[in-house]
Structures are given as structure tokens and as C-alpha cells.
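Pasting a structure below so you can have a look.
Going in written order, the chains are labelled A, B, C, D, E, F, G and H, and every chain counts its residues from 1.
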Amino acid sequence: MTRRLMEGSEAMAEASIAAGCRFFAGYPMTPFTELLESFARRLPEAGGTCINAESELEAVGMAWGAASTGARAATGSTGQGLSLMQESFSEMTRAELPMVIFNMARGQGDYFQSTRGGGHGDYRHIVLAPADTQEAVEHTQLAFDLSDRWRNPVLIYGDYLTAHTSESVEIEPMEFPELPEKDWAVDGTLGGTGRSRTVNPLGVDKQSAGIDPEALWNRLQAKHDAIEREEVRVETGFLEDAEVVVVSFGGVARFVRHVVRSLRQEGHRVGFVRPVTLWPFPYEAVAAAAESASRVAVLEQNAGQMIDDVKIGVLGRAPIVAIGGISTDPSGFGVGDILDPAVIHERIRGVLSDA
Amino acid sequence: MTRRLMEGSEAMAEASIAAGCRFFAGYPMTPFTELLESFARRLPEAGGTCINAESELEAVGMAWGAASTGARAATGSTGQGLSLMQESFSEMTRAELPMVIFNMARGQGDYFQSTRGGGHGDYRHIVLAPADTQEAVEHTQLAFDLSDRWRNPVLIYGDYLTAHTSESVEIEPMEFPELPEKDWAVDGTLGGTGRSRTVNPLGVDKQSAGIDPEALWNRLQAKHDAIEREEVRVETGFLEDAEVVVVSFGGVARFVRHVVRSLRQEGHRVGFVRPVTLWPFPYEAVAAAAESASRVAVLEQNAGQMIDDVKIGVLGRAPIVAIGGISTDPSGFGVGDILDPAVIHERIRGVLSDA
Amino acid sequence: MEREIMFTGIGGQGVQLGAQILGLAATREDRHVMLFGTYGGSMRGGNTDSTLVVADAPISSPPIVSTTWAAVSMHHQYWEPMRRKLTAGSVVFLNSTLFEEEFDRTDLQVIEVPATELATEIGTPLAGSMAMVGAVAAATSIVGIDSLVQAMEESLPGYRKQHAADNEKALRAGFEFAETDVAPAWTQREDSNGDG
Amino acid sequence: MEREIMFTGIGGQGVQLGAQILGLAATREDRHVMLFGTYGGSMRGGNTDSTLVVADAPISSPPIVSTTWAAVSMHHQYWEPMRRKLTAGSVVFLNSTLFEEEFDRTDLQVIEVPATELATEIGTPLAGSMAMVGAVAAATSIVGIDSLVQAMEESLPGYRKQHAADNEKALRAGFEFAETDVAPAWTQREDSNGDG
Amino acid sequence: MPDSISNTLRTDVPPAEPSKKVGALKPELLLKENHHLCPGCGEPLVVRMMLEALESLAAQQRTIGVLGIGCYTAFGSTLDVDLVQALHGRAPSLATGVKRMRPEAMVFTLQGDGDMVNEGLQEIIHTAARGESVTCILLNNGVFGETGGHMTATTVLGQRTKNSLDGRDAAYHGYPILIGDLLAQLQGTAYAARGSVHSAAGVASTGRMLKRAFESQARGEGFSFVEVLTMCPTGWFIPTAKGPEYLNEVMGEVHVTGELKADGVLTTTEQLRERGAAKD
Amino acid sequence: MPDSISNTLRTDVPPAEPSKKVGALKPELLLKENHHLCPGCGEPLVVRMMLEALESLAAQQRTIGVLGIGCYTAFGSTLDVDLVQALHGRAPSLATGVKRMRPEAMVFTLQGDGDMVNEGLQEIIHTAARGESVTCILLNNGVFGETGGHMTATTVLGQRTKNSLDGRDAAYHGYPILIGDLLAQLQGTAYAARGSVHSAAGVASTGRMLKRAFESQARGEGFSFVEVLTMCPTGWFIPTAKGPEYLNEVMGEVHVTGELKADGVLTTTEQLRERGAAKD
Amino acid sequence: METVESRGTVTVSVERCKGCELCIPACPPVVLSMSSEVNKLGFRYPELSPGCTGCRACLLVCPDFVFEVFRFDTPVQHEVAS
Amino acid sequence: METVESRGTVTVSVERCKGCELCIPACPPVVLSMSSEVNKLGFRYPELSPGCTGCRACLLVCPDFVFEVFRFDTPVQHEVAS
């Protein structure tokens, strides 16, 4: 395959199919719509199924059913739609179902929801936040792998930019180490043998007298800890002698990277930390960067959410300044004033001059 | 009114009615069910309406509609049901609607959802976490007041214990300073005058060309900051010379308070901080307590959620130890092993001996 | 003085109602009362238990206790967790009609009440918990039988009022059966102070 | 060299399609391309704009830019935000059939194209953006007309293929109308390197 | 075409000759006539008829509307009645809460087919079954207009949408729901009708249905419902001028217009179709 | 009562006399016979008939069930077929995903009326409209059993529940939904029937309906649906022994049993009632 | 004394019976009746008198899977007090 | 020359017209036709020829609230080229 000019949405759908995704269900909502359209067009050609679900609740249910059979399945939405799916996300995680969730967000206001789980109870998704189209392609494939590997939903935090920017990309199926067999998946063949299976979020097993939450929980907690140890991903740049460290993620980080590069060219001692996984969060990388910095600036397109994680990472080592803010564009799609290199340039300059 | 033996659920419904609540809608779920039953029985007698909504989504919608007319309205649920309502909670907060939400939780695993908003976007509820039945009565009334005062949903974080413990309580309507008039509420009378009203989460006003997110957001953000300044509530005990400070909330804090008292009687230097409001979180009280302590222990009935806020409060001043854990009782209702004074006694002793 | 009485049994055996009636009766007698029940998922057939604390002063205990002064078991199923809360001298009431397990602790005061049998004799085997509560009242004097009967009548929801007569019979049958004051709850009856 | 061209207009005027065709044509000519569009809530009638970056090497710019080399305005509505991104020397293409505002900046190179009129003459007023893109190609040589026509044909979804002929006419009409190379995009045409 | 066509008359000012205005630019209850909906969209026509029905019932100062999320939501800033903006699909529940607290008000919802029959199917059915005294108005164009013309639960077989480009296929996409029929047969429903704005007569008749629905609500008879078929040339990917014809021939064949429940009489779409066929 | 009654026979062991077992303790596909459902509950009867229908179709090793949340969920640990546990109301969507990925499997859902007609009404209707090739089984006891006997969307007028203690009142609580009728009329539905377990004959006939539904699924005809009226003496607050009578006389009068759609013929509940009345 | 013929018989898993009594009216020849004793769960349970036809009605209506039903190869006669 | 009678007339808010053409076939006497010019939004708009009856059809079908309709007290006669 060679590089093609492709919209982010289309590229993510193609990457999913390359990763073996065979089921998708979704309900239109800007800027998620084009992802759904791409799946609707391409999945049947690839021998899969894409259902134009009648609502997000139904979409996530369908994907849950499909994933239960062992198929690589995905769903997604935007804002409101993701909120509606939270009940399912919570319980699906307890059921240890692999699933890829595309959050094509309007801005970055869903950080808490994505990283802490917006639903009831204790659960986490692995969250990948690509910064550009090529990375979205790689993250998509990685997501399917991680999801199967950990038997845990993986969420891709995209946004209007990720969805709608067309760039030249290359979609090659990526190689991953071998995965465990999906012996838990239902195919109907074990009925009547006494070994029939259950995909169950309640922790009820066949022949059990009821819920065994302790066993279930210990397993989930151990997995949670292992993911926190093994799956942290982070990108850093220009940190060596940085006085100011800028922390940002996703589409916004692409702007920050660009601006920091030009500030360096202007001779400013500024660097960046970009969490690639939002959960597990790169606390150590943030702590290390803060060690020698005189200020940590957090640029996120929301009212201040990731800043909590930055605080937990920095733990008082350096003052933290919020230089982001919610997206106030009238379309409501999260393409507000912040997304302007000149604005970001100015805000970082502000922190530099205070530092 | 004199003291009566009343189940927590019933007491909260009575307190709501005493506070002027005239609308409730809900869908049964343990341990929320009895609250719904109490409203269903008592509201019509008090001239109000209680609808046995056909689902939680419909319940929150009905309450939204009722609140839009200026009526004091409430809804609630448990776990799954609350998750389903997150889309509405998010947008209702943007629409600046007063609303009281009863989260009769199974355990304390909904801390993140309650304090950070489980839905999309940036929003917060004021969260009150009563520790016993009498306090539940007071918090309920306070919730209606705060909700109207700030035009913001207020969530009461209850649990199985709050719902199902019967105690002798007294329900007297509480006095609060006067509230602003609800001139934003729709009653239908201003149609055709050019001054008709809109209760709108999108930030669209009559005659406007579209969304004005900046104005909306500045208002919301200012309110958010004011609430953080003015509405922090916290209970502390035995902190003076405490080597170990135990942080816990809600029904669990009642056990901690009891156990700390008995540990003090045994001569141990232990004290407690109990956030009464979970948002705004009493960061300063936690920081102050940590200043002189050699250890901060966090006892919450979940996999570790409030501990994030404790970390943000303590900011490295003292080591933090998690001594809680999820509730592993087979009923799934959040009444697990931790809820035992002897168990808590032992866990705090463990921290004391390390300190 | 705080007296913890824990009840356990199978859902449907009337465990919650029994504890509630006892608590309400104690309230009528101006005691301080705290009552907390749990039950499993489905309506009947699962485990169910209830913790009642009755005191002559405001209660400091949380609603779940680590040790109990008395325990009432309507059935040996789900009895295990309760056993751990018994301390030397705890009073144990067993529904001897159904309780079938070995009972090897000698440091306890065990009172056997054929509660289901007593109720079956009246014609309503499901009123066993009433008979048991009657027996508890007799053996401990924690409340009087009249308060108990009144509390039972108050507790029945409208659609169950028809059971009142049989329940009263069962309460009284249990009260008659048990030996009076073999495990007194109160060292001496204090008059309720203004706090009640 | 990175050339930013921003398009703006009213939804329904073909702004997105115009930018897309130009981008696709540039891709065909082995340029590096990045394209990003936004539009308001409802399908048509709201604001819409698109940012196209075409370069002869991998692009470093993020998809939203602070300054633009060229701007294309199909209508004066929603033109305001774009105005701020113009720097001295920026090239501005105005749809003179509809653009009605005062234009007082003398530091810009303004090219007026009666795009809607050209399209109306062909009989499809809504193909104005095609005429405009044709004119941009002529004036800047950023892409050739043949790439443009091919790109247009590729871009039309199946259910709109019937518009291809009219669109081509409009592209060519615009191309004919504008003076060739008055605002050249590339100082000199470099051959695409292996990276393209 | 008569050749008088070349004699264009002035239409920029009211006539100089003595005359009576028989049709106003816009309903009184609309704050301004401008809107951003697409050329040829049928939704504004329903907004007009609805407001005129409310005016004719002198309900201006006792009306509360609840808006769904779709293209018509844009009227939120120009409808001069008290409004509550609902989330996608949730309007009937909000209307329920509003009505219970303001029983004297005329309460309506305005929703698209995506809003009502996809995302909010459950809410509309439960609200109808509950016999809630509100009037729900469906703008049925068989597509999600706002997101760009995707299939909804009312899209008819063979209809081309953005995600059924070769036409809706029963085997893959399932069958359309005749929502009016489902609602009409619920005991809580007092009035149900299906109109269409593909022609002036259709618009006028839609106006009468809306008025009857509001009258029914005023009499407290129960739930009332008016479905209106509306053009969405954008979402159908056809020239705007072809909208009415397409509406009538494609959607109208399946979602047949007429009163489905009135004065206690239930009429199924099947029966309406037979009557129509009989008339042909 | 014949006086033979005093002559109690041994029933603890199979008979010594030569005999044939004609009724097994439990279906083969049930791992154990014990369960915690209440005395007199009707739900286990449907579980039995469903499993026996699957056995009779030799579908043991190609069946995937999706369970809703209600009292019957307890069978999740004893049904010996592959299972997916859904959340309350969501089973039909899960079943859709399962079936699309395992088209060769016999896919069913088991749901209560609270699950299907309250929380999940939208899902079941969309699944039926889509003509999804799954069999959905409704255990309709007119109450939320598991939470303690509250009114659902199928509770009949006058029925006493925990939150309609004086009986369901149309003016305050609205009307029951005849879910079978709604589903039967959707084009995607191939088979729909309503049975009852209030008597041995009812149980047997329910078994036949379940078998026909599965057969229809096996033939790929579309969506199939069996509603079964079941006793919930606990939620109805009546003595267990009165369950069947109450079921028949209170619920059965409204939710009339019979086939609602079979072999392309649609029969409304109204028609079933008339037929029943005619027979009387 | 008189003779009653049983064409079938049943087994009853007494200890699992929850005493719902559904089987009693379901039995067409009315040969089931509730015990006066209770089982270990505290419930009365059905007892069988002669005259069973092996019709399976009890099995069909028993929610607790208590019955097995047998049909005799040749009917069995019981002598009963009249 | 011939005479055409108008019983009514309309005003057209040309600048708000979006050129959808719905009014053209809706007009029973067919006295509306699309302009050859475009308005400031770039759309053609309806023009009126003699013969309007004041029936309101155009107003009813116009989604952009472009028309007002008047009925003359006495019909107006226009001379038109035949």
C-alpha cells in the first residue's frame, strides 16, 4: 500500500479493517459521523458488518454482542453519545470484553470521562490519544491488539481535527506478538456439555451459587496494576534544559509540538510532555520533567481536567499553570480559539516571561 | 414534629417534601427503590407528582422538564441507572437547571462519576455525602437550597446503609437565606411578547444568531469558581497531635469516626478528615491535616478514587496509604467486608504501627 | 447500654419483619433504636440478615457491628458469617425446627425455639419469625409482649393486614414458649430519660 | 515551501468540495497536502471554511493556521475571521458576483472572480466554487487544470456524477477567466522528491 | 405557460390598489423570518402551521414547547413561546415533566424522525401509553437531516440515504416503522394524524391536524400526535425542486397521510392506503 | 376428594413396577434443578419449556442465549448453553451483535416485562423492525419482580403493585402496552405469540410456541417473539396458590393468549379476545 | 375396601419443594395433596394417593423441578379404604 | 394585446429567497416563474406575472417565508402581449 490522501475518519476505519475489525455499530453525530460512514461503506466489502444502530445505546449493545463471540468489534460516538454508553462501558469492562471505542470528541472536555470511566463503579479503559492522522492509523491498530491482549476496552480519544483532517497516510497491517486464544468467547458449540460459557459482567460463573466478587475483583485489580506498569506511552521533546514544560495531549499536542519547536528556534528554553496514553497516565515522565523546570504549563481544551493528573505527577515539584480553556467556537464542535499556533505561541510566551 | 424511627430512604423523601420538592421521577433499583417508593406514596399527598418512570433516561428527562417550570424537582438511581443519566446531567448543568439527584450507590465506586461528572464535557455537581440518617435529612434540604441558589444540580451520595438504616430522626423544615426569583423558568405566559424564555443547554438565546459559548462559559466558569470558594464543607476530628489522619466519606466515615474515637480511647494519636462535600473537595483541610501528620490513610470503599483528590490536597506533604478497597459482598450492593468496625480498627492500627 | 441483636435466615422467612417489629416495639418503649437489614438479589430464597441495636442512650455504634450481644437464626443456611460475631456469653436463638447444623461452642447461651413448628401449629408455617421474636422478648425482656403486638400491627402494610391475627397468635406462642428472662437485656430497667 | 489556502463561504456554496478538489489535484501532482474543513451546525446556510496546505516537502504546520498565503471568499458572510489571518502580500480571491463588503487593505493582492456569474452562465449557479477553483489554479499555477478536472471527477460521490460535465465547464470557465500566474505559488517548480 | 409571463409585476412593495392582506409573511409567534435551513426544506412549513394553529386557539400565552435536536432546532431562537430545549430523543419525557407541573399550559414537542423514532422511540411510546396530555409533532423526512442524510427508522425500502446508497434493503437494514400506527393504537392516544407538506393542500391540511391535536389536548383527552412528512432535498441528494414529488411518491406511498385516530376511531395506514387506492 | 387420599404412596424412589419415564426431573440443558426463585414463580416453567424446545430441535450445540436482568437471571449459572449476560433492557441489541457474527447459531433473549417493555422497549421494537433473526422471549408477570413488585408498562388497569397499591389507575399511571401486538405488526416480525403458564395446558402450549419460534428462526424468516404470562405471587402480594387464577383472570383478560403472527397471518389481541368470547 | 388403578406415578424431591401448591389443582385426577409435615426448608410438600395417570401436569406446573413422572407398563391396582 | 385579471397579488422578499422553486409548481394559475438574475445570496427567485388569484398556495409552500399575499377589493386588469 502507498500513501493516500485520506480523511482521518476514513483512515481509522481502514486501519480497523486492516487490524481485523469485523463489526462496527454507531449512530451519527458530528464529528463521529464520517467514521460511521466509512465503516458502513467498507466493512461489508471486507466481509464484516456495520450496523447503523438506531441509537448509541443500541450501538454499544450490538458491539458488546459481537465482541462476545470473539469478533474484533468497535463502536464510538461523540460527547452525548458516549455519555449514553457509559453504563455499558463500565459493565463491559467487568465482563472483560475486548472492544475498541472511538471517542470523536468535541474538544477535550471528555478527559475525565475517558480516563476515569464516566459510568458507575471502578473501571478504566486504556486511552490512546493520537495527534495526527498517521498516528491515528497506528493507534487504531494498537487499540485492537491491546484490547484483545488485556481483555479490556481501549478508547481512542480523537476529535474534530482527527476526524476531518485529510493527510497522506499509509495503512499497513502492523505486527504484534501473538495473542492468547479467545476460549471465553461464545460460539454456541459447548451447550449441553457442561462446559458452556458465559460472558458475564456480574461475576457469575456456570454452576456458581452466585456472584463471586472477590475473585473477579482480584483478577481485575491485578490487570489494572499490570496495565499501569506496562502500557504507559509518552512523547517528550526539548526537555533537557527546559525552564517551562508544556503538557498537552491529542490534536492539541500537535499544535504545541509545532509551537515549541518554533519557540526553541527563537531561543526559548521550553519543552513538552505529551501523554500518548491518557490512562495509564505517564506520571513519572511528568514528574521527571518537572524536577528541573521552573514552571509546568498545562494546555488542554477544557476547563481543567488533565491538570489533576499533572498535579498528581508533579506533586508540588514546580508550580503548575493552566493555559488552556474550553473551546468556545459557535459550532460547538471543539474547534475554538486555542487551536491557533499564534494563540498558543503567545500563551507559552506568557509563562516563559513569568518563569 | 418529633423524632421517629424511620428508614433513611423514607426520611430523605420526607425531608425533600419538607424542602418543597414537588416532583420526583425514578425507576426501581436496589438500594434506590425505597426512596422511589416513599416519594410515590408521599408526594401526591403533598400536592406533588411522583412518576414511576419507565426507565432512568425517562426519569431524568421528566425531572428536567419539571425543573424547567421552576418546580423543585429530583430524581436518582443507583449505579447503572446513574450512568444512563450522565448525558442529561452534563447538559442540565449547562442549562443551569436546579435539580437534586439521589445517588443511592452500591459502595463508593461512583466517586469519580459524582465529583467529575460521568458525562461528556466540563461540568460539576455539588456533591453532599451524608454519614447517617439525621444528616441525610439535613443534606437533602440543603441540597434543594444550594441547587436553587447556584442553579446547578446537587447530588447526594448515599448508599445501601443510608437507604436502609432506620434511626430516630427529626424532620423540621430548615431555614435558608432568601433565594433569587426563578425568572428563567417557563410557565408559558410570555409567548408572543417577544420576551418568551428558553431553558437551553446549548447556550442559544432567543433572537441570537446561534450559540454564544463564550458568554455561557464565562458565566458557568465563574459560578464554578464561586462554588469552590464558598461551598466547601468538611468535618474533622482529633487532628491536633494526630500522627495518622484517616480520610473517608459518607457512610464509611461513620465507621471511621467510631473507630478513631475508640482508638483515641486506647491512646493512639489518630484523627480524621471527612469531606462532607465531595465537590468542592476540602483540599485545604486535607493539606492542613497532612502538614503535621506522618501518614495519611485513605479509606474508601472502591479501588482508589478519592485518593486522587487526597493526593492533590496533600501534594507530597506526607505519604498516603490506601487502606480501603472495593466492596466484595456477594449481593453486589456494596455492603462488603470493610463495613465492620473491627476490620477498620485493624487497618488503621496497621498504619499506626508503620507510622 | 447498647444491645445488638442480629437476625439471619432465608429470604421469605420473615427475618426483616421480625427485626423491624422488635425495633419498633423498643421505640415504643422509648429505647434508642438503630436497625439495618441486608438481603441478596432475588426477593426470596437468598440470604437475609438484619442488625438491631437497642440502647438506653443515643447510639454510637455504626449500623454494622463486629460483635453481637444476641443472634437469632431462623435457618442454618447463611448462619456462618454470623457465627464469627458471637463473643463469649452471646445469646443465640435457634429455630430448632429447621436449624440442623452442629453447634459446638460452649461459651454461648443457646436458646432453642421450635419457631416454625409453633407457627405451623397455628396454621401459618411462615409466621415462624413471629414466634421467634415472641420468644426473644420473653427470654430477654428487651421489650414487652404488648408493645410487640402493637408494633406488628403497625408494621403490616395495608395489603397484609389479614395476617395480623395469625401473627399475634405466633408472637404469643413464642412468648409463652420461652423461659422468661433467662438472658435479660437490661441489668435494670431505667426509666426513659427525656432523650427517648 | 508550504502554501496555505483558506476557503470561506456559506454552507451549500461548495466551499468544502472546492478545497478538496484542489487538494486532491495537488496530491495527483505529488505535492504534500493537508486539508481541514469546518462547518456550522445545519447542513447548509451556516458558515463553512476549509484550510488547505500544499507543500513540496512533508508538512510541519498543524491543520489550523494563524496566517495564510492565500484566501478564497465565496461570500462576504463569515469573511471576518479570515481577514485576520491575512498578512502583507497575501493573495485574496473574491467571488465578485456576491462579495459586497468594503475592502480597504492595500497590502493584499486582490483577485476578483465573478464565480457565481460564470457558473450561472453555464446554467448551474451552484457550481460557483468550481469556477473559483479554476481561477485559483490559473492565477497561482498551484495545480494544472487537467489534474483539477480529474480530481473533481474522483471526488463526486456516485449519486452526483451527473454534475461532472457542468462542473468541468465551470472549472474551465474560471481557469479561462483568471490571468495566468499573477500570483505564482511556487517560485520554481521542483520535481517531486521520493517523499511525495 | 401563458405568455403573460413576460410581464413581470412589482413584488417589492404591497399593492397600491385597495386590497386585504390574506397571508402574512410569517406567523406572529415567529420572532424573525430568517433561518438557516436548506433551500426547499419542508420543516419551516410545519413550524408556520403549528404557530398559526396556536395563534388561532389564542394559546400564545399558555404554551410551552419542547424541542428535539435536528435541523428544526434552529428555530429555538425565533419561536416566541416559552421553550425547553431537550436532548436528542428526550423531548417527550421533558414535556411530561413540564405538563405535570403546568397542567394549564399547552405543551408540545417538535421532533425529527431520527429524534423520535430512532433515539427516542421508547420515550414517545411510553408517553403515549401513559396518555400524557401533550401534543407531539414529528417532522418526518426519513433521514437524519442535520448530520447529513443518513437512514432512520422511517426510511422506506429502496430509499437512498447516505448510508444506504443503493437504497434501503430490508434484508440488511430492516423495515421502516410506521410510527403513527404504533402510537394510534395505544389506549392513551386520543388523536393521531399524518400530514404532508409536499403541496399547498397538504400544508393546509397539516394545519388542520395540528389544530385538532391542540384542541384535543385542551380538552384533556390524552396524548395527541401529528406526524408530518417533510422534504429534505439535501439529505435525499436530489434537486430541491424535486422534493415534493419525491416525498409524495417515495415516502408518501408507505407513510400514507390521513387521520389515524380521531373521535375514538382508529384507522390504520393499510386502510388509508386502500381508501386512497379506491379513490384512484 | 376421593378417600384414597389417605393412602399415601411412596414418591421418593422410582417405581419398582415396570414403567417408562415420561417426564424428566429437569431439562438436560439445565445444569441443576435448584434455584432461588420464589415459591410459585412462573418463570422456571418457561425456562424448562424453552430448553426442552431447544433439545427437541437438537440445537444444544448451536445455541447462544442472552439474558436480561430480572429474577430469571439467576438461571445464568445453570443454563447449559453459551450465554451472554446483558444489562437491563439491552438484550436484543446484544443478540443482534451475536447473531450477525454467528449467523448459524440459534440466538435467543430471555427478558422480563420490566426489562423488555420498560427499560428496553426501544431495543426490542428496533430489533423486530430490523427483522433481526433472533428469538426474544418475554416473561411477562406485569411487575418488576426482582426489585419487589412495582408497576411495569404491562401492568393491567386495576392491578395492585407496590407503587400502585390501589390498583393501576389510567389517569395517573397510564395504560398497559400490549407488546405482542406492537411487535407482531412490524414487517420484520415473522412469528409472534403469547402464552401463559397458569395451567399445565398453558405450559404445554407455551412450549409449542417456543418451538415454532425457534423453527422460524432456523428457517431465517426474520424476528420471532414469544411472550409468556408468568405468575409472580411475591410481586402481586397474593398467596402463592392463588397465582394461576390471578394470572388468568387479571392479566389474561388483557394480554390474551394465542398466536399473534404466524405463517404471515396477523391476529390482534382484540380478535383473540373476540374469539375467546365467542367460544364462551 | 375398594380398588383404585394407577396408570402412572411420580417421584417428588421433597426437600426442594417450596410449598407453592401449584401442583395440587393441576393434577386432573386430584391425587396430590399437601403434607401436614414440613420439609427442611419449612415448607409442606405434595403427597401422592393412588390414581395417578402419568399425565405430567404436575411436572409441567412445578416451578421447582420436583417431579419425575412414570407410566406403568401395566396399570397398578391399589386397595384403599373407601 | 390581451387582458389578464389579477384578483390578488403577492410581495416577494427577494433577498431571502433560497431558490428552491417550490412555489413555482404550487401556484395554480402558474403566474410565478424563476428569475434569470440571482439575488445577493446567489439564488434565482420567483417573479410574478399577471393572473394571481391571491390563493396563498405560494405562501403555504415557501419554506423561507418570502411571500405576503393580498386580495384586491376589485380585481385589477393587466394588458399583456399575447
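The criterion applied here is as follows: contacts are C-beta pairs under 8 Å (C-beta built on N, C-alpha and C of every residue); 3 or more make two chains touch, one makes a residue touch a chain.
Quick caveat: nothing in here was measured; it's all calculated off a predicted structure.
Where touching is counted per the definition, the chains common to chain A and chain H are D, E.
If you take chain E and chain H together, the chains in touch with both are D. Placing every chain at the mean of its C-alpha atoms, the farthest one from chain A is found to be G. The centroid of the Cα atoms in chain B and the matching centroid in chain H are 62 Å apart. Rounded to whole angstrom, the centroid-to-centroid distance between chain D and chain E, based on C-alpha atoms, equals 39 Å. Multi-chain contact residues of chain E (touching two or more other chains) are listed as 35, 37-39, 87, 118, 121-122, 126, 148, 153, 165, 173. Residue positions of chain A touching 2 or more other chains, listed in rising order: 54-55, 80, 87, 91, 202, 210, 330-332. The set of chain D residues touching two or more other chains comprises 40-41, 45-46. Across the complex, chain E is touched by residues 11-12, 40-46, 157-160 of chain D.
On the side of chain C, the complex with chain B involves touching residues 20, 23-24, 27, 32-41, 46-47, 59-67. Of all residues in chain F, only 28-29, 31-32, 54, 59-64, 66, 76-87, 90, 92-102, 104-106, 122-123, 126 touch chain A in the complex they form.
By the touch rule above, chain E contacts chain D in their complex via residues 35-39, 71, 74, 145-146, 148-149, 160, 165, 234-235, 237. Touching chain A in their complex are the following residues of chain B: 78-80, 82-84, 86-87, 90-91, 105-107, 109-110, 112-113, 116-122, 202, 210-214, 217, 221, 224, 302-305, 308, 311-312, 315-317, 326-332, 336.
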